[in-house]
Amino acid sequence: MANTVYDVTTWTGATVSPYVDIGAVINQIIADIKTNQTTQTTRPGAVIYIPPGHYNLLTRVVIDVSFLQIKGSGHGFLSEAIRDGSSTGSWVETQPGASHIRVMNTDGHLEAFLVSRAGDPNVVGRLNSIEFKDFCLDGVTDSKPYSPGNSKIGISVQSDNDSFRVEGMGFVYLEHAVIIHGADAPYLTNNFIAECGNCIELTGASQVAKITNNFLISAWAGYSIYAENAEGPLITGNSILWAANITLSNSNRASISANKLLSNFPSMIAFLGSCAENLISANHFRRVYGDGTSTRFDDLFGLVHIEGSNNTLTGNLFSFNVPAANITPSGADPTIVLVRSGDSNYLASNNIVSNVTTKVVLDASSTATRIIYSAQSAQFNPYTTNYSFIATP
Amino acid sequence: MANTVYDVTTWTGATVSPYVDIGAVINQIIADIKTNQTTQTTRPGAVIYIPPGHYNLLTRVVIDVSFLQIKGSGHGFLSEAIRDGSSTGSWVETQPGASHIRVMNTDGHLEAFLVSRAGDPNVVGRLNSIEFKDFCLDGVTDSKPYSPGNSKIGISVQSDNDSFRVEGMGFVYLEHAVIIHGADAPYLTNNFIAECGNCIELTGASQVAKITNNFLISAWAGYSIYAENAEGPLITGNSILWAANITLSNSNRASISANKLLSNFPSMIAFLGSCAENLISANHFRRVYGDGTSTRFDDLFGLVHIEGSNNTLTGNLFSFNVPAANITPSGADPTIVLVRSGDSNYLASNNIVSNVTTKVVLDASSTATRIIYSAQSAQFNPYTTNYSFIATP
Amino acid sequence: MANTVYDVTTWTGATVSPYVDIGAVINQIIADIKTNQTTQTTRPGAVIYIPPGHYNLLTRVVIDVSFLQIKGSGHGFLSEAIRDGSSTGSWVETQPGASHIRVMNTDGHLEAFLVSRAGDPNVVGRLNSIEFKDFCLDGVTDSKPYSPGNSKIGISVQSDNDSFRVEGMGFVYLEHAVIIHGADAPYLTNNFIAECGNCIELTGASQVAKITNNFLISAWAGYSIYAENAEGPLITGNSILWAANITLSNSNRASISANKLLSNFPSMIAFLGSCAENLISANHFRRVYGDGTSTRFDDLFGLVHIEGSNNTLTGNLFSFNVPAANITPSGADPTIVLVRSGDSNYLASNNIVSNVTTKVVLDASSTATRIIYSAQSAQFNPYTTNYSFIATP
């Protein structure tokens, strides 16, 4: 086998068992890669294989080489929230499994994996094409809503990076599953992120992130997807559940399409600050009540909350079903879409289904919003006269 | 190598060659896993690798452990229907290939793989995160329309399960490719299921199934996707061909978006019984004639057939091209969308293209359907006056 | 290990190091497969594994067996365009990596991989289920716009083929990344194709191609996706950048949905010749200026250019931002959608955002186009009176 292929269970260079501290073993492997790959044109990276097994991680892994692929044989999710609420004396398995890493840092750090390279990226180069595939990161113990919670972070990328990948992974019981700072063309697909405080956070600024075909299941205190200063993310084909919350801050030209969103709370998609020309199309929004409590947003915040201009909603279905007694403020008509500010936002061909009277609301500061076959007259509540409205019959 | 990594061709514990009966070998491996993993916190499962080769399966595999990944090196599809209709004397290959399992049970069972655990799931725990990846299940011989046919089942999951995965697989010549009972968050992606009677069946009840990015190619007697009592499935990015037929029975809040559907028959999507708040958006429907014969549905059934309320169709294209002589009942105007029952179904911005006059039809029992720029006046046929209609000009 | 599993670095049958000429090694492996697999029912193919490393390819690989899977451990992209414009003296890595093949043919051929079988496909059979997965094809040197450029081709499939797969691959600095002739149900997903002249070209004719969940980043002289005589391709969930250009020639019933498209040039989607019943839905189009120069199309060509009938645009967002001084012809109002010809094309619920006055244009030869809430009156420019127009208010 080439010396670029490592198995954490068989590599003879490790000074500790991977079952005792897989973090230390992977750090030693990375050191070995650097020993073997010594010039800027001879650094292809390596693949580190994690066979099925329960591994403890006591030491944070620090990745500062490009092209590293860390790969297991299964996402290994088991619902720890259900387990912790059940009588499990006769359960066959009570731990997540497959290639299963228990995040149990004893080194004072919060992250299981930190991707970071010292130096100015323009001088030392960005980190390219690092891949996490098909294993499970498990925070071991936590309690709802996980944020604040155990403070644990699955993967944190803190240096500028290009074409980073997270694919087929499982994450459970982490306050933050994946944080990426300064991402260019990151790619998160086919993952199962559940029972986490926050699923995916794009900090700093990002370019054309791709978040596709995932399960994202977060509780009510954090975010399914959070992005700040993002340009052009594509969020499509995801099932985003429990407290679905996609929040974009000062972000433009996102495309959020063909997703399934379910939440027990308002703010399923929020565009905060100045957000322009984002598209929300062909999504299914379902708002229910009962699994969790939160005063973070009231029902006037909107399932979709828009601050900014020229945002576009087309062809979505909103399904709202909350007992009248559980709506806040009491007696209010819940808001489906709130155009909080901005010019020329555009809604067309959206359908609203609800068990109580709900509203599409235009704030007084908004201008020239166009609402076309997206609300019946009784569902429309403008605090301005500067709009165009074609009522759904 | 860790003792959680098996190769069916090299494992020394087998009493039979995997080429003779890979089912018996995998059962013996599962028994070995159970021998090695003996407590509820030390059961990470294992990966079983199937190298490229032609394997016969004479004995049904029974999986009752979580976190098992069975993985090959290729989906290996070859069109057996084309082969069986061709002169193949000089063909280089006449069998499917890659990691190719011939389903040839001699044990009296119908399934190649049965996933089932004895006991009440609440007591013994659900089966979690079992994964089938990148191999081929081939029923060997069959004849159109495959249902009824050879009665063979590729994978049947009959115990409550969570985050089950089928990814990158090939299926051919099976009456039922995949059946999952009691599924929570199953994930079927990147598969090539073709020349089967039924592709994916979600029985019992299911939660938030994800069926994405597949080829699903079934004949006219079964289903591309069948689901009963389903909540919130996401069906997106699939190419569903030949006799595309997605049937949901008493299912709610499905999202069916961005798919390509082609059929030689009516009933491309049917919502039966009481189906509410399902979304059909941004799909391409193509109806043609000639590949197969069936009296299962006539042309009044609808390409889309809706029983239930608040279902929503937005932004779809319907392309109908059937010779007038082949329409049944003779002389009828074929139905594109039939709202068979229910209240407040919503159609907006759908386009219909057809070689003959086709109709959007509202049954007499339907109420408050809104049809907005989804049919020209001549394409609209209501048997009720309780609707709102904005004609496409 | 079964004799169907090869590792290019350990296979003892090779007469040359894979680092010197991986093409020659893979050809020798294919010859070995043919020696081992000698009848039409005993040809399952094989998997060829490429561990991380820098490999030169001097000799074109010719694949004429089905079910071959060539697989690496990472897509390995590094932006060579950024590298070539930077001071890299202190960069840690300056080459793409992971399983990295440098396409450096010395054999007079242009292709790294040619998939081709001698003989009439009806007589010798089609090539089935060949798979390229998770490695990097790198043309080494090139200059914008890469077409014409280094003339190199990553993968060329020139025989009729079925269920061919390209998945998780990286491509960089190739004039043509992937060309497939005569494709039936090809499947290109999860790839990172960047800094290439052309990304995906479907020549001859194709059936139901699936192009999903990719990054496609091409410069201004070629195509992101080109297809001729295509029936029913599904293009969804892709991020198509830089000079996004999907061109379909004489192609019908494509579904282009839920994509993110960004271009510095007109012609983001063009339907040329006679193209019918194609659907463009739920996509985000962004047109900017400045990265590259080209006179290939002027701003009257349209971001979307339609020749043919019954094509359908629903629920898309167009965002146009080009300085007035950079529009050609000078002083023109740029065209967002040009219906160049054809009957009964349909636009509904599309939103246009632009920094200058832009237009939806109907050519004099077009008939019965319906434009519904897809342009304001000032944005509509028909050269015919044969249309229906519902202005966006």
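Order as written gives the chain letters A, B and C; numbering starts at 1 within each chain.
Basically, contacts are C-beta pairs under 8 Å (C-beta built on N, C-alpha and C of every residue); 3 or more make two chains touch, one makes a residue touch a chain.
Everything numeric in this text was worked out from a predicted model, so none of it was measured.
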What rotation angle, rounded to the nearest 5 degrees, superposes the C-alpha atoms of chain A onto those of its identical copy chain B? 120
Interface sides of chain A and chain C: same vs different residues, half threshold: different
Determine the centre-to-centre distance between chain A and chain C, using the mean Cα coordinates as centres, and give it in whole Å. 28
Chain C, residues touching no fewer than two other chains: 213, 236-237, 257-258, 281-282, 314-315, 348-349
Interface with chain C, chain B side, in the complex: residues 7, 9-10, 51-54, 73-79, 86, 88, 90-100, 168, 170, 190, 192, 194, 213, 215, 236-237, 239, 241, 257-260, 262, 281-284, 286, 314-317, 319, 348-351, 353, 373, 392-393
Which of the residues in chain A come into contact with chain C in the complex? 1-2, 4-5, 40-47, 64-67, 69, 71, 117, 119, 122-125, 128-129, 131, 162-163, 165, 167, 185, 187, 189, 208, 210, 212-213, 232-234, 236-237, 253-255, 257-258, 277, 279, 281-282, 310, 312, 314-315, 344, 346, 348-349, 370, 372, 388, 390
